[in-house]
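Each in structure tokens, the structures are laid out below.
First chain A sits with chain B, and in the next complex the same chain sits with chain C.
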Partner chain A sequence: MPDLGLEVLWKGKNFARLLGGLWVALRISLISAGISVLAGILLGIAASRKRSVSSVVLRIWLSVIHVMPQMVLLFLMYFGTTRAFGWNLSGEAAAVIVFSLWGTAEMADLVRGAVTSIPVIQRESVEALGLKPGQIYRWIILPQAVRRLIPLSINLITRMIKTTSLVTLLGVVEILKVAQQIIEANRKASPNAAFGVYLTVFVMYYLACRPLSLAAKKLEKQWR
Partner chain B sequence: MKSIRTISSIIIALVLTLSLIASAAADGAFRTLEEIKASGSISIGVFSDKNPFGYVDENGEYQGYDVYFARRIGEDLGIAVNFVSTEAANRVEYLETGKVDIILANFTVTPERAEKVDFALPYMNVALGVVSPNSRVITDLSEIGAEDRVIVISGTTAEDYLIKNNPEITLQKYDTYANAKNALENGNAVAWANDNTEVIAFALQNEGYTVGIPSLGSQDTIAPAVSKGNESLLNWINEEIKALAAEQFFHKDYESTLVDTYGLDYEDSLVLEGGGLTE
Partner chain C sequence: MAETVLSISHLTKQFDGQTVLEDLSLDVSEGEVVVIVGSSGCGKSTLLRCINALEEIQGGEIRLRGELIRHDGKNLPELRQKIGMVFQSYELFPHLTVLENLLLAPVKAQKRSRNEVREEALALLERVGLKEKADSWPRQLSGGQKQRVAIVRALIMHPEILLFDEVTAALDPEMVREVLDVIVSLADQGRTMLIVTHEMSFARAVADRIILLEDRRILEESSPDQFFTAPKTEQARKFLQTFEFIRKKKEEA
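Let's turn to the complex of A and B:
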């Protein structure tokens, strides 16, 4: 077996530090994902009505978020708000805000797409049967839209978890930063530690994202 | 098409407004020495993955040459130190927004940076150095012949310096440290020019190489930095650095953090006591 420098993981509190870093990454991404899913569904439903104010808002919001790299958004939210308004957001709070803005925009777009993909004939038919708009959403549109949404939103959440590695620029120490710290601190004692440590990080990310996709598969089956 | 144009003009307007607000806002967002003392803790930005200057050990504790000094600052102020992990790219930004009080992150003093932050007295020297194999140690650039080649890493100060001051020397350029190292080991060139800390560390870790020229070109220094205009803190740090010279503090710092990487031979050329003013 090649030397992966795995021994550095058992030095001192290194392994616990990696897990702590994973928890920071998950905390930021799961809180943001929760906000994004809730706000995204509401905004998405509102925006699915053609030529409504909310659809214009969503279009502008999406195009702003899409043209700006996440790193720029994070810098603006953390350093920019201090310069402009004197706010003193913590690194984590700034990260959650940016990820929520990004997630809500993308989620709303997914919801809008899923809702408008339901054939108009279905809506017209139940309208003819006398259902009210609220009932139409509750019984006809949402059950079908949600099923289409699950794989897409899981994809969004896992992308969010991976993008948390950027928050190190805001002084937040998450899993990837802890990994770099461990590798650098052992540069001379274990020069191969990079392989072992990054391999461990890969496994940790995988184990963290796996339950999400399993749950998604289960839900998809159940609601078929 | 029309809507796309409308949207993009709205975005441009938005960005312009934001940048106007940002530039108009007062940049004086820093804490004075009194405010720092009253709060009971000082925020110091250090590297967390640059062994041996600033790194985190296996117990999660910050260590290194810069950190050793940071702890002493906290001790002498009688307050706790809150270490903030910084990157090379955001050190200036941290000071401009007052999110840290001091940056102690291997920060080289340059005129461009000095326009944005205030540097205190320096505590370390950096210069260029040249390492060569023991079979033919280069101790002066004039020993390099017309057919000889010298390795540099693209984009480094060593490259700039040699192009500017010694255009007669043929350079062999590499993009990464690892490629440059391989090239020297394979005998592709007679010497390798880089930051002197890098070549000293290389010669110590690899048998058969000597740093024939330990200090070349203009001496740069590494110094603590504070937010532009934070005079009370700047003056305190300067007085502190001067006072620490009496106990040869930075020599002690070197001997407990840098000696494993750079050895004792270079201690006096790398360390600066009292900001170098007393010498």
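Let's turn to the complex of A and C:
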């Protein structure tokens, strides 16, 4: 059995430090996800009306977000704004802003898609029953849209959690940074620590994201 | 003379400048069953959609018991509650059970008590032979069952008039009967109905009056017996011929 360098984990508080790093990553992604879901629903509903200002705003916003690597956005927000506007954003704040910009655009697009995918005649059949526009949204459009939306938005959130590994480049001490620090500190004593520590990081990401994917799958099946 | 329930006068409907219905007038009195026939695309469905203002109209007016139906009218939801509409594609709400499909509009739009409506829903379901399906989901029903639920969903609102828009056109042949039987029994109860259909023997059986819609207007208006045995117009005769098949057998030739 080759030395996987796993013993490093039990030295000092290393394992707890990794968990702390995971928490930082989750905190960034969950705050961003919360903002994205709320803002995305509002923007998405507004953009579901054809030829509305919001639909144009969303289209431009999406076109920028889609072609821009997240890392460039992170650097722009963290390093770029410091000199240009004198903003002294923490790495975590910059990350939350970038992730929310990204998430809101994608979430709004998902909401817009879910709302407009409900056939016009479904809406007409409720109108014909004499419900008012607000009631139609509340009882027919939104419940059906949410069912289409939940699996897709959970997928977006897991992608956010994964992408937090980039924020280590802004100096945020999240799980990947902690892992590097542990490996560096034990370079002499456990030269093989890289494998064991990164493997642990991998498993932690897996355990954080997998339940979400499973929940999404389950809901998807239940609502088919 | 029975009171007029629905009154359409000089209705004109255009889609992007193209006229679909022109200067069309039609009255339906209480308890009357009017069947509209005509070739595809003659504007039959559009006429029904105009009546509950799913379509904007470009001319004329439509009144329900004297009240003007306007596409942008403030009282439109209340007026629509008095017009029951059944669509070709059923349009049950897939995220609600059969019973919840029936309860939604009476409880939310008419503010009736849930218990009272529930009782009525179950009674109506029993009448159409679907009482045991009350807690099923729409996806578990056959097309004919869905359409019967859709009819009950319209009935439970206690509408002044029922509009049927080719309600059997999407059904497999063996399910057409069960749906049409329900409509015939509604006619027997004296419901006021406006029916668009391609089922000619059903039309003849259920109608008090047959209307042939062709070239954007009402071309012929007759009693069913007259329409099917001695149509007044050449177009009606041609239209009826499209439903007949004649094959010259060898020995006759």
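The rule we apply is simple: the second predicted complex is superposed on the first by the 208 of 224 C-alpha atoms of A that agree within 3 Å, B and C clash if a C-alpha of one lies under 4 Å from a C-alpha of the other, contacts with A are read in each partner's own complex, and residues count from 1 in each chain.
Keep this in mind: contacts are C-beta pairs under 8 Å (C-beta built on N, C-alpha and C of every residue); 3 or more make two chains touch, one makes a residue touch a chain.
Predicted, not measured: the structure shown is a model, and the values here were computed from it.
Undergrad: Using the superposition on chain A, decide if chain B and chain C clash or fit.
TA: With chain A as the common anchor, chain B and chain C both fit in the superposed model.
Undergrad: Can A:I140 be said to touch chain B (first), chain C (second), both, or neither?
TA: After superposition on chain A, A:I140 lies in contact with chain C alone.
Undergrad: With the two complexes superposed on chain A, say which partner A:R112 touches: chain B (first), chain C (second), both, or neither.
TA: neither
Undergrad: Does chain B (first) or chain C (second) touch A:T168, or do both, or does neither?
TA: first
Undergrad: Could you give the angle made at the Cα centre of chain A by the lines to the Cα centres of chain B and chain C, to the nearest 10°?
TA: Vertex chain A, arms to chain B and chain C: 160 degrees.
Undergrad: Between chain B and chain C, which makes contact with more of the residues in chain A?
TA: Of the two chains, more chain A residues are contacted by B.
Undergrad: In the overlaid three-chain picture, which partner chain does A:E124 touch, first (chain B) or second (chain C), both, or neither?
TA: The second partner, chain C, only.
Undergrad: Touch test for A:Q181: chain B only (first), chain C only (second), both, or neither?
TA: The first partner, chain B, only.
Undergrad: Counting only touches as set out at the top, which of chain B and chain C does A:K132 meet: first, second, both, neither?
TA: Once the two structures are laid over each other on A, A:K132 reaches chain C alone.
Undergrad: With both complexes placed on chain A, how many Å separate the closest C-alpha atoms of chain B and chain C?
TA: Result, nearest C-alpha distance in the overlay: 24 Å.
Undergrad: Residue numbers of chain A touching chain C in their complex, please.
TA: Answer in residue numbers: 121-122, 124-132, 135, 139-140, 143-144, 147, 223.
Undergrad: Touching chain A in the complex: which residues of chain C?
TA: 52, 54, 77-83, 85, 87, 89, 91, 93-95, 104-105, 108-110, 153-154, 157
Undergrad: Inside the complex, what are the residues of chain A that reach chain B?
TA: Against chain B, chain A makes touches at 8, 11-14, 17, 59-60, 63-64, 67, 75-76, 79-80, 82-86, 88, 168-169, 171, 173, 177, 180-185, 187-188.
Undergrad: In the complex formed with chain A, which residues of chain B make contact?
TA: Spelled out, the residues of chain B in touch with chain A are 3, 7-8, 10-11, 14, 18, 21-22, 25, 27, 29, 45, 48-51, 55-60, 63, 84-87, 89-90, 93-94, 96-99, 205, 260-261.
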